[in-house]
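Same chain, two partners: chain A is paired with chain B first, then with chain C.
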Partner chain A sequence: MMRIISFIRPTLVTLVLLFLALYLSACWSRHELNELSIVVGLGIDKKGDRYNVTAQIVNPSQVSSKQGTSSNFSPVISYEATGISIPEALSRMTAKVARQLYFSHLRILIVGEEVARSGISKPLDFIARNRQMRTDFYLVVAKGTSAGKILNMYSPMDPIPANNLFTKLETSDKLWAATGKITLDKLIQDLSRQGKGPALTALEIVGNPTKGDSVSSAHIIDPVVILKYAGMVAFKYDKMAGWLNENDTKVLNYIQNSIVQSTGTLSCPNSEGTVSLQVVHSHAKIHVNTKGELPEFELTLKTEQDVTDISCELDISKPETLVMLNQLADKKLESMLENTLHKFQKQVKTDIFGFGDELHRSDPKKWHSIKDWDQTFEKVKINVHSICTIKRIGTTIQSVSKETKK
Partner chain B sequence: MVNKDMLSVRTFSILVIFFTIGTSILITPAGLALEANQDGWLAALLGVGLNGLMVLIYILLGKRHNDKTLVEMCHAAFGKWAGNVLGICFVLFFYLLAALMVGDLGYFLTTQNLPETPIEVLQILFVIIIVFAVRAGLVVYSRAAQIFFPILICFFGLLILPILPKININNFEPMLEYGFMPIVKAGFSFSGLQEMVVLLMLYPYVKKPASSNGGFMGGVLVGGIVLIVTSMGCIGVMGASVTSNQLFPAYVLAKNISIGHFLERIEGLMIFIWIMSIVMKIVITLDASVIGLGQLLKLKDTKPFIIPLGFGIVVLALLCYPNTIFIQDFLSKNWAPFASIFTLFLPMLLLVVLLLQKKKVDENPISASTEKQKV
Partner chain C sequence: MYIPTPTNNDHLLHEYLELNLKQLHEELGYSPDLISRQFQAALANGRIVQGATVYMDGLSSSSMMLQFLFAGNHENDPSTTSAELLDYYQERVIPEGSVHKLASFDELYDMLLTGNSILLLDGCNYALAVGTKELKARSVEEPNVQSVVRGPREGFTEVLGWNTAMIRRKINSRHLWFETLKLGSVTQTKVAIIYIDNLVSESVLELVRERLRKINIDGILESNYIEEQIQDKIYTPFPTIFNSERPDVVAAGLLEGRVAIMVDGTPFALLVPALFTQFFQSSEDYYERADFSTLIRLLRFFSFILATITPSFYIAITTFHQEMLPTTLLYNLAAQREGVPFPAFVEALIMEITFEILREASVRMPKTIGQSISIVGTLVVGQAAVEAGLVSAAMVIVVSITAISNFVLPAFNLGIAARIIRFLLMILAASFGLYGVFIGVIAIIFHLCSLTSFGVSYMAPLAPFNLSDQKDTLFRVPFTSMMTRPKSLNPKRLVRQKKP
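Right after this comes the complex of A and B.
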């Protein structure tokens, strides 16, 4: 009897251990890499009252390091499907795509211009609700074309166009300040605010789009077609209200304090040519004066700039010249700010800069007494001041044109 | 009570910290931001203060009767019949609490990570671990908590430090836009999610040097700070409106972490923190209801009851949790008032009765000793 019992116990333990081993493999909802289609770019267009969704999918074997063998197939493939809602279209796409779509590595979401005009909040809900979507991809609007066409364009340098767009946006946002990288979180945050409208970067196709959809265009050194960021799109609520050109976008970035670096030029005061200045630091501050019936805003922009190029015979060695350049830069910045603000107050009529938000923060009572901020924004007075300091002039003193002996 | 396993004060504090963080860390920022908007973090501050006050009541209770669990205190205060009824209420409350947390666990995992795994399988897997821990006993799982604690703090640091530069101060302004009422409301519902009263079932097993009360309070404060910092992070990074619209805001916060594009996608750590703390909280709560049941039925050994009770939890969790919105709605509207019956009013009543009785007992020492023998 005792022997039987002593035999049962180890057997039971072994059985239980074997049973537990089943769990260890943890393969219930497994998704192997070779069963997934990694979506890197997603485009949303309108087709009548339906959505036309384009997904750019990586072809893993073509992106891997074996460059020699990879010229036969395209590194990415884009599929299209139409549906009443985005998830329906994506489900319909499975009839075309070999593997299950996987969104966690999405780099860029492109919204067609038509969708932007008719409202972006409806198609965005799926993106915000889906558990695979992260918040680190950027949203852009296709300018003058459809999102689907943009995702069909081949990109030079980077085999994956969506990746190319992602890094391009990051670099230009850092160095040129005429683009804006907006993530989903930020966009939804702006959409839910009354005192600040959202703005997304615009993306356009430059060149001949009919030739850009083939890998063979990579054999040409001067790219046939290029995807280029072109200013931004201003939204009123969730509908597109107008375009921001390069200067407007810079102003927006100045006011939002999202400038890392930017470059501006001044024409020389006494002779022909220009002086280029690089903005290395910038800090904008909005002060709200709520004494009157309408609130008044004081916008102060403090910048630190370096001289990067002089193409005229300016004598930079004198301190007075720097003072003069300072004043010129101030004037230029002020007129740039004023132009843009005027345009958005009187023409586009939407507050994408966050003046309303600033009022809300500094004087909630006054903010609640204003019923319609959009109407009020057209009438408020905004005073602009620029305080610019030029600190460095690069490694040489006089310009090459001044040194040139005539 | 035979064979009391003793806990050191520090171990008890760690259990209290786990208990405070469990469930709350993942979901509270949403409720706070929904009620109090950008002042959610102030509400968290207030909620932690309220918790501190409740703990004060528990400490007073524990001081008077430091060898009795909550159920025994009920007996001492109200006699056999009324005491039994109250005790059953408490035990059922703990049991329901444990079931709701198992439901939470299942719904989080099936929403965010394992959508294709049946929820029952996940819940049963976790209940197996929980039953195992409860059977092993207080000393064993409190040691496990001690081992997990440094990991928990490290992961929390890894989560919070990278998001610090992303916090936008503007998201906290304007302060007190809608006055104090929303903050009080949010603070109240916040403190309703930390049912510290459960810990009174374990309190008799703590060694009681002079500093033991500080241990309880300290644990609540440390756990509270973790929650306040998490809520501040959520509101500061994502803004009040985005935070309030998330089912699991802290998880989305973790998705925002990105250091130079190489340290990112570490929201798994957040899951680890949460699962570690919620499992510990369920273990404590289930253990509390098992101890309570044992004392109500005067059982010598409660071990045979643990497995059936554990699997009852799975059933109850599936019954209580029909869908995500139901529980969201129920928790935000009814839970805080419902829980406050057990976390605030009944303990207060107990305290008052016991204080009055204490005077009587002092006058009549013989009855006091017989009372003790009965229990």
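Right after this comes the complex of A and C.
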């Protein structure tokens, strides 16, 4: 009898627990894998005052590593739909797509240039609000074309173009200072800050776009069409303010301390040829001086560089040469920084670098006394210093061209 | 030796041999394996006495008794009555260790049916029982369920006396005590309680005695008959009594202060109290280096978790939480599921049940073909099922890793628990996703913590936590650091070895 009683109590507890679980359960979100359309790329364009949404969907059986006969279906399919809002367009898309759209594995979100110019905050709300969207995909702006067209391009190597774009951006961001990966949460953070405008990487189509939309284009060694990252786009509030060229992007990345590695070249002194320097470590610091009426900024950029290539007759074994190279590199970096900063102060008139943010942090009172930061930014003085040290010269001493017997 | 005292006068032996033999044959149903050999013996005064020796065919050595009687030298036999002759036989003639006088039929049956030979003489109302047991039993062999790479190769047999001798041979101490009792109203099976007198926890021993005394079943054919009647909780998939067919395991348990229960007729001895972590320990842990044993032991815990939750995890993630999969893996899994008609849960159920069928079949099949059939069966069924589009290839991997992990567990009965829980968790996973799996896991942990084994918390020494017992729980420290016996077992003497 005791045993039966001791059995009843835990059973009841378990039953109650199970019933409670029913109410909390997630059974409605149950989807088998073959009931999902995995969206990997999403493009947002403008069509009049409506949004044109393009979704790139994976066809798993063409992508998986399973060997066997591949029936030459395209590995991805893209669908288009138009609506007043993004969710409306996506709902309309269900009439075309075989299965339910699944956004958790979105790799890249492409915003058309027109949308960027008219404001990205409206379409972004859906993206930020959606339960399925993670925040680890990258946002880019289509340059000179629509997002839909980019999503219709086939990519060599990786069968999934969106995946290709994702990894491409990730590697080039790491090894080359002229691109920048921005995720959704970072973009929203930048949008909500006053002292720093957002900037997104730009993406353009190189080659003949009319031929790039077929798998057969992957049969050619030299790709007909390549999707290429080309600088960045500066935003003023949520609207596009101007393009950043390669140098501007480098400067932005230097100031944001988001450089892992980059390469720059110097022309040789006294002779023809160049010296390539690889930046292996960089650290930028903004110092704010608020004594005057207008704040003044001291930008110090500390870099550590390695010599990777010398194509002139330079005697690198002498310490003086290294000192000289240091000075040249400093000069080059300083002029590069000054040029870009000047351009953004006087022409684009937006602070994407975060000077305002720095001011806000170091002197909040002063910051609050300034009404329009972008107007003030035009007028502030920014002094630039570069402290560069050349650390390693590689595994040979003299350049090959110097050693070559003439 | 156990001798019941006669209580019923009706069952006392008669004085006449004929009557005795008649009643014996009658009461045993004229069984053909009852052999009675009659003989004549001459007394000193020249009288001839009728006698008979009775034994069960196959249980005792027939020739031994006859040799005493016929080949023995009875020249100086001084007896003048048959009672004297019987005494003379007991004291002088029979060169056997165990000779008893019997007065009642009850005693007689007891002796006769356990393999003794009975010597009856006409004109004498008692008999002699001579220990001429000759057991036809399996010899000591290597245990085939709990095998080890390094360690003793002997396993228990079906004979209780041999088994207790094997333990005695390992522990040569006068403190190794045996208590025997007979259980089973019909089978009269001998059951031994074994413990080391100066180590054993008194409360556990008392519980064992008390619970064994309460058993009132007609027959005990295996130790599980006892296990189920003395365990603390019936409705649990987890075993709360440890069993082993290895004398070294039982000896190690006794040295930790546990109590062993052995049943005549089965090589499996019971060991109580049993702790949850004990089921992850193999005797080999102590025969290999400590570092290696620790790693292997951790691997077993990991395998148990794998064996329990892998299918449910797979179901939950692929049907509810696809966002948790790495993107490339998602493509591959989605591609495999392309064309599979069933939901992941049904798919898992098909494969799991198929596997359980194959496994059960291979256990029941003759040993020689069992193993090959199981391998071929799994391969063919697995691969063919994938190719036929019934299940996805990933599911075959999930089921295989589950099955293999299950075999890592050294205790077979804990593996059964893992198998039962696995199906429950799969149902939870199919209806509630990971939320359900974790509700299930939490419920199982609650349940485990509520269990006791002979008054000792089942999850000890993890819950309640005992720091010094951790030396031999998840880890196995070298013997030089294992100074005490497990505290949670509450042994009389805690110190195992003194610091040098």
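Note that the second predicted complex is superposed on the first by the 373 of 406 C-alpha atoms of A that agree within 3 Å, B and C clash if a C-alpha of one lies under 4 Å from a C-alpha of the other, contacts with A are read in each partner's own complex, and residues count from 1 in each chain.
Just so it is clear, a residue touches a chain if its C-beta (ideal position, glycine included) is under 8 Å from a C-beta of that chain, and two chains touch if they have at least 3 such contacts.
A quick note: this is a predicted structure, and the numbers were derived from the prediction, not measured.
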Which superposed partner A:Y102 touches (first chain B, second chain C, both, neither) | second
Hey, is it chain B or chain C that touches more of chain A?
-> C
Thinking of the overlay built on chain A, is A:V58 touched by chain B (first), by chain C (second), by both, or by neither?
-> second
Who does A:K174 touch here: chain B (first), chain C (second), both, or neither?
-> neither
Using the touch definition from the top, say if A:S192 reaches chain B (first), chain C (second), both or neither.
-> first
Between chain B (first) and chain C (second), which, if any, makes contact with A:K239: first, second, both or neither?
-> neither
Should A:R134 be classified as contacting the first partner (chain B), the second (chain C), both, or neither?
-> both
Considering only the touch criterion stated at the top, classify A:R117 as touching first (chain B), second (chain C), both, or neither.
-> neither
Mind working out whether A:R361 is in touch with chain B, chain C, both or neither, as first, second, both or neither?
-> first
Footprint overlap on chain A, comparing chain B with chain C | 29, 134
As the complex stands, chain B meets chain A at residues 111-117, 121, 125, 170, 173-174, 177, 238-239, 241-242, 245, 252, 255-256, 258, 264-265
Quick one: which bits of chain A touch chain C in the complex? Just the residue numbers, please.
-> 3, 6-7, 10, 14, 17-18, 21, 24-27, 29-34, 36, 38, 40, 58, 60-61, 63-66, 102, 104-105, 107, 132, 134, 160, 163
What residues on chain A touch chain B, complex-wise?
-> 23, 28-29, 131, 134-136, 185, 188-189, 192-193, 357, 360-364
Of chain C, residues touching chain A in the complex = 233-235, 318-320, 322-323, 327, 330-340, 343-344, 431-433, 435-436, 439, 443, 446-447, 450
